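A short worksheet on the structure shown next.
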Amino acid sequence: MAGSTFGTLFRITTWGESHGPALGVVVDGCPAGIPLSEEDINVYMERRRPNGGNMSTARNEADRIEILSGVFEGRTTGTPISMMLRNTDQRSHDYSNIKDAYRPGHADFGYDSKYGMRDYRGGGRSSARETAARVAGGAVAMKLLSMLGISVTAELSAVGDISASEMEKCEDLVSSVRNEQDSIGSTVTCKVTGMPAGIGQPVFDKLDADLAKAIFSIGAVKGLDIGAGHSAAVMRGSENNDPFRVRDGKVVTTTNNAGGILGGLSNGSDIDLTVYFKPTPSIARPQQTVNKDHEEIDLEIRGRHDPVIGRRAAVVVECMTALVLVDALLINMSSRADKIVDFYSCL
Amino acid sequence: MAGSTFGTLFRITTWGESHGPALGVVVDGCPAGIPLSEEDINVYMERRRPNGGNMSTARNEADRIEILSGVFEGRTTGTPISMMLRNTDQRSHDYSNIKDAYRPGHADFGYDSKYGMRDYRGGGRSSARETAARVAGGAVAMKLLSMLGISVTAELSAVGDISASEMEKCEDLVSSVRNEQDSIGSTVTCKVTGMPAGIGQPVFDKLDADLAKAIFSIGAVKGLDIGAGHSAAVMRGSENNDPFRVRDGKVVTTTNNAGGILGGLSNGSDIDLTVYFKPTPSIARPQQTVNKDHEEIDLEIRGRHDPVIGRRAAVVVECMTALVLVDALLINMSSRADKIVDFYSCL
Amino acid sequence: MAGSTFGTLFRITTWGESHGPALGVVVDGCPAGIPLSEEDINVYMERRRPNGGNMSTARNEADRIEILSGVFEGRTTGTPISMMLRNTDQRSHDYSNIKDAYRPGHADFGYDSKYGMRDYRGGGRSSARETAARVAGGAVAMKLLSMLGISVTAELSAVGDISASEMEKCEDLVSSVRNEQDSIGSTVTCKVTGMPAGIGQPVFDKLDADLAKAIFSIGAVKGLDIGAGHSAAVMRGSENNDPFRVRDGKVVTTTNNAGGILGGLSNGSDIDLTVYFKPTPSIARPQQTVNKDHEEIDLEIRGRHDPVIGRRAAVVVECMTALVLVDALLINMSSRADKIVDFYSCL
Amino acid sequence: MAGSTFGTLFRITTWGESHGPALGVVVDGCPAGIPLSEEDINVYMERRRPNGGNMSTARNEADRIEILSGVFEGRTTGTPISMMLRNTDQRSHDYSNIKDAYRPGHADFGYDSKYGMRDYRGGGRSSARETAARVAGGAVAMKLLSMLGISVTAELSAVGDISASEMEKCEDLVSSVRNEQDSIGSTVTCKVTGMPAGIGQPVFDKLDADLAKAIFSIGAVKGLDIGAGHSAAVMRGSENNDPFRVRDGKVVTTTNNAGGILGGLSNGSDIDLTVYFKPTPSIARPQQTVNKDHEEIDLEIRGRHDPVIGRRAAVVVECMTALVLVDALLINMSSRADKIVDFYSCL
């Protein structure tokens, strides 16, 4: 099946390979009337770019989005918003040695098993570059969320076991890992504020279930906690339950082990996610692997690779979260008959 | 929206409240020709039942499934399989005191915020009893998996911080927690063997993304690891990458930090999930909360409640996993043009 | 795939065979707060029943619906509404002679080709009895439409080439057809009033496209006109275009060749459908056909069959139309950013 | 909602406005290994082009497709195929006078009602130009069908009430209509040969239901017949039923009133569709209408418009049909457990 489309009412479809001519996204179901410019998108694209610093790849990606449809006189029209970015700095020769090899930690073997072939240039469709299209789509979702007073903020919280707040230690760790031709895992946290209560669907389309799908659809994610997350598994109920209280006439919880979601519905508290990324699988040191002919070989991966995935991925976490929230908010509008009657009696 | 349907080609729709007349599931898209009896289903239903032991609720649920459609002369026909179980031991009077109160750790406040009302009897639709319908649906998926040589096994692996292998210590912990009118978190692991490589879809419908949605759609799940999971976030790439080797002519990995999934596709290794459950939110000791009129109150929850969710939930994890795998296997059949041509030239 | 689910936000899933123990429907995504009783449903079920008159089957179907979930204290709760009706008057022995034969005009050969087997009792899943479940689901949609001031009315408009207004002539035609052990085609018209403008989606999910799918999903439908329909193919543009005018401050059209839909969106005029049903394929006179072993045989179909499909099918047309409209109305709520902001600022 | 995506396993998403910078399509779920070049697509694009003759618009559309992803070394890879065409000959000044007017027979009023705004340039998203993207997507589906020995052919069969076989009379009619600053309706027939039996899904996703949705999603379609279509409504059952016989060891029907589909499943006979198009709504003669401020006005539509929709639309009918068939064929692969076991035991 497809698999390149995400969402129900607010829906993105991404396309493109790492070293093809271009990649892009179609945002369908975006409500009409949202002010939107290429600049709004490029702010997010910029955050995804390597900064040339220690922690990320040296590839020079001038990822500036072109909006091809769905915006007229500076506002969204309700029709699909197509956005594209050209692949300019491709250097596909870097990847020739992996043409027949199955890189450890990568999807190469899976692709060949599934499709009988693959676009091996830079990982093709399985490249992290695919996430650029998600970010462009998510940036549109963020615009709508901000109109509703909802903010989503994700950031790198740890490199290996070093907290991101200890910035110098992190830099040192990354440097030493890079010198060892190795890579290191990382952790990203994401916080949503301003979310109304009651958003999400009971049973299968729980808000946390949809968030989990969104987060695990980002390559290299191996674990997710919502609220207390895996720590909740060692807690007592009396400790884990968040008491409801009333503050300023509003129902709130005094703790937030639930991470803002109970029974699949938001409860009005902040939504807290912790996302665990594996270390970058492309490392410079030689690795044992197998090739297409099922021969055991030693592989050296050349090219430019982030030793830490989490920093550039934080904005991807943010954008995937935003996409889930917008979709859930739109779906939620049809929950109550009285509100539907109100809506249509205003026409 | 709906939200009570799960899956694309192999799809279940569940319905029913804890204290309504019945609950059930419709399995649509089940291939024709699978031998299926009510007994096949009841084996799974039995595993979900409280056993009267320390770890689970005393409610006497004779959850025997009635198959109402989709099976003819002992085999599935390809048409929807409707299965129902009556709610017999309802005792709804137990729940009268929670009619207007928002139980901490429960979805009550979310339901009222969303729908302006709720069926408060025993948690209504948000009751763990809803999972009985999933298990019935998942049992059908398990039949098909077994025809393909694929097994799925989930089990309680820890109660709080005590490994389930130390059975006596677990029993003691549960007893003490119960005596304290409290509850305790738990961990369930799930292993899939026999999975072919290449199953799942790249990008949004990654196999791990769909598993994550399935698992987080189970009430009380707060964390999920796939393979090394959150531990991968502190590992080096050289340590985390699983080397490919050839054994008996087959491509295998010598370690399995990936948990059998790379880039969203199965790689032929075992799929390993670790699922973290919060402690049962319904505890007997008095709790602070708020009622419908936004008054702060003290609440005592009566009734029968498992102090540990993981033991009865293991079979639910197993069944949700099976549903994802079957759907992905069916979808995967259309991946290659040559195989489609083969398929239709055999007709 | 599945195929037994219809709709996106307001969604029904039907199940059941003609001669299995029961059949039913799950309505998921129904907004909370709609007053609903079994009686509301049975009014529609009654209209689908044979009336014992000339035009319909003698099967005595006491099709009284049981609501099993989703309604609490007389109102919908927002959770799935499961409705079931038992098959009581089954007489499956009537159908033994068609076990191995492929009835002309029926799906038998298609089912065997697809599934390698079929439930041959009374047509199994392909029986017109399946539509009882749709009617139950559609009756819920009708309740919501009536709260919005929208009415849907379908009726038999012709039997063969005799207008239904000439009731006596119709009865005579049906009598003579029945005496000849034959059957006759029919036409049903459906009118929607009170529909606001702008409902539906551009491009693939046009309101007319979704109506067409809904209508052609009813067995025995072979043609559909929207507005002027096939007559539009011989008209001039100057004749076919409906001029817009203003009446009582409202934009209206002075003719309605478009049948209330332009470019896939409602335009505020009545929606007019004309649905063409083939004659009942089950006729008593002997027919040439083929059996499972691909032998040519003569077949006599016994049992009770309507000689005219349109009369009992009118309520099915009405219900399928209602399902499409409700879904489109709910989806439409997310079309404009300003209305979304209004909606959530009221919370 | 979205509404710009069509299909389940084989799925297209289109985007673009008539006078925006470009329009395009993303084909997702296309099986790997299909030989595909831009030339394969352009053959179909060419058929959709105005030929400069009497019957079509004078707009010079050099609609040459650019493939941006999903094809590697001349074959599809299984990942999304993005195709784009630039809008070059836009002349948007032609449309300035319709900025505030609601053109009769067009979606303008519906768009404004729905979105509170619209891209008025050349009809924006509701322009027939949108179908160029469908044709590009359908061309890919046609490639797969041809590998399976299935052909789909649509052609103009009548202009007004003149059969397309009387070519001279048709030309005369079109000339006179054009001279009268008017337009004329048309009919397109579509035939599918080589379709195996058993394709489609029972109940809601019947093959005819999905075809009906596909066909009515094409702008200006007002009626559809399958097989005998609306004529079946005046036939007797004994006349309409197609007898099954055996020819060369194959089950066939000796007539084809069913148009190749019974009970929603193909029966191995040719699939026959008749599609009725209304006359082009954009006519040069002055028309009564209403503007945005709800004032009654007279409108003259300038610009280049086909007086007959059917000729250029035939290839659109063909492509939409192909998309439905491919999707149904892929979905059908999961119908039988024994074939699934065969499929996976070959891996």
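For this structure, a couple of remarks:
By letter and in written order, the chains are A, B, C and D; residue numbering begins at 1 in each of them.
Assume a contact is a pair of C-beta atoms (placed from the backbone, for glycine too) under 8 Å apart; a residue touches a chain by one contact, two chains touch by 3 or more.
Treat the numbers as computed from the prediction; the structure is a model and nothing was measured.
Between A-B and B-D, more contacting C-beta pairs join the chains of A-B. Averaging C-alpha coordinates per chain and comparing to subunit A, the farthest chain turns out to be C. Distance from the subunit A centre to the subunit D centre is 36 Å, each centre being the mean of its Cα atoms. Work out the mean CA point of subunit B and of subunit D, and you get 42 Å between them. Averaging Cα coordinates per chain places subunit A and subunit B 25 Å apart. The set of subunit D residues touching two or more other chains comprises 1-5, 8-10, 14, 29, 32-33, 78-79, 114-116, 125, 196, 202, 331, 334-336, 338.
Against subunit D, in their complex, subunit B makes its touches with residues 8-10, 29, 31-34, 76, 78-79, 144, 147-148, 196, 202, 329-331, 333-341, 343-344, 347.
Residues of subunit C touching subunit B in their complex: 1-5, 7-11, 13-17, 20-24, 26, 28-29, 32-33, 66, 68-70, 72, 75, 77-82, 84, 114-119, 124-125.
The part of subunit A that touches subunit B in the complex is made up of residues 1-6, 8, 14, 102, 104-107, 109-116, 125-126, 130, 158, 160-161, 177, 180, 182-187, 196-206, 208-217, 219, 221-246, 249, 251, 253, 257-259, 262-268, 276-283, 285, 287-290, 294-296, 307, 331-332, 334-336, 338.
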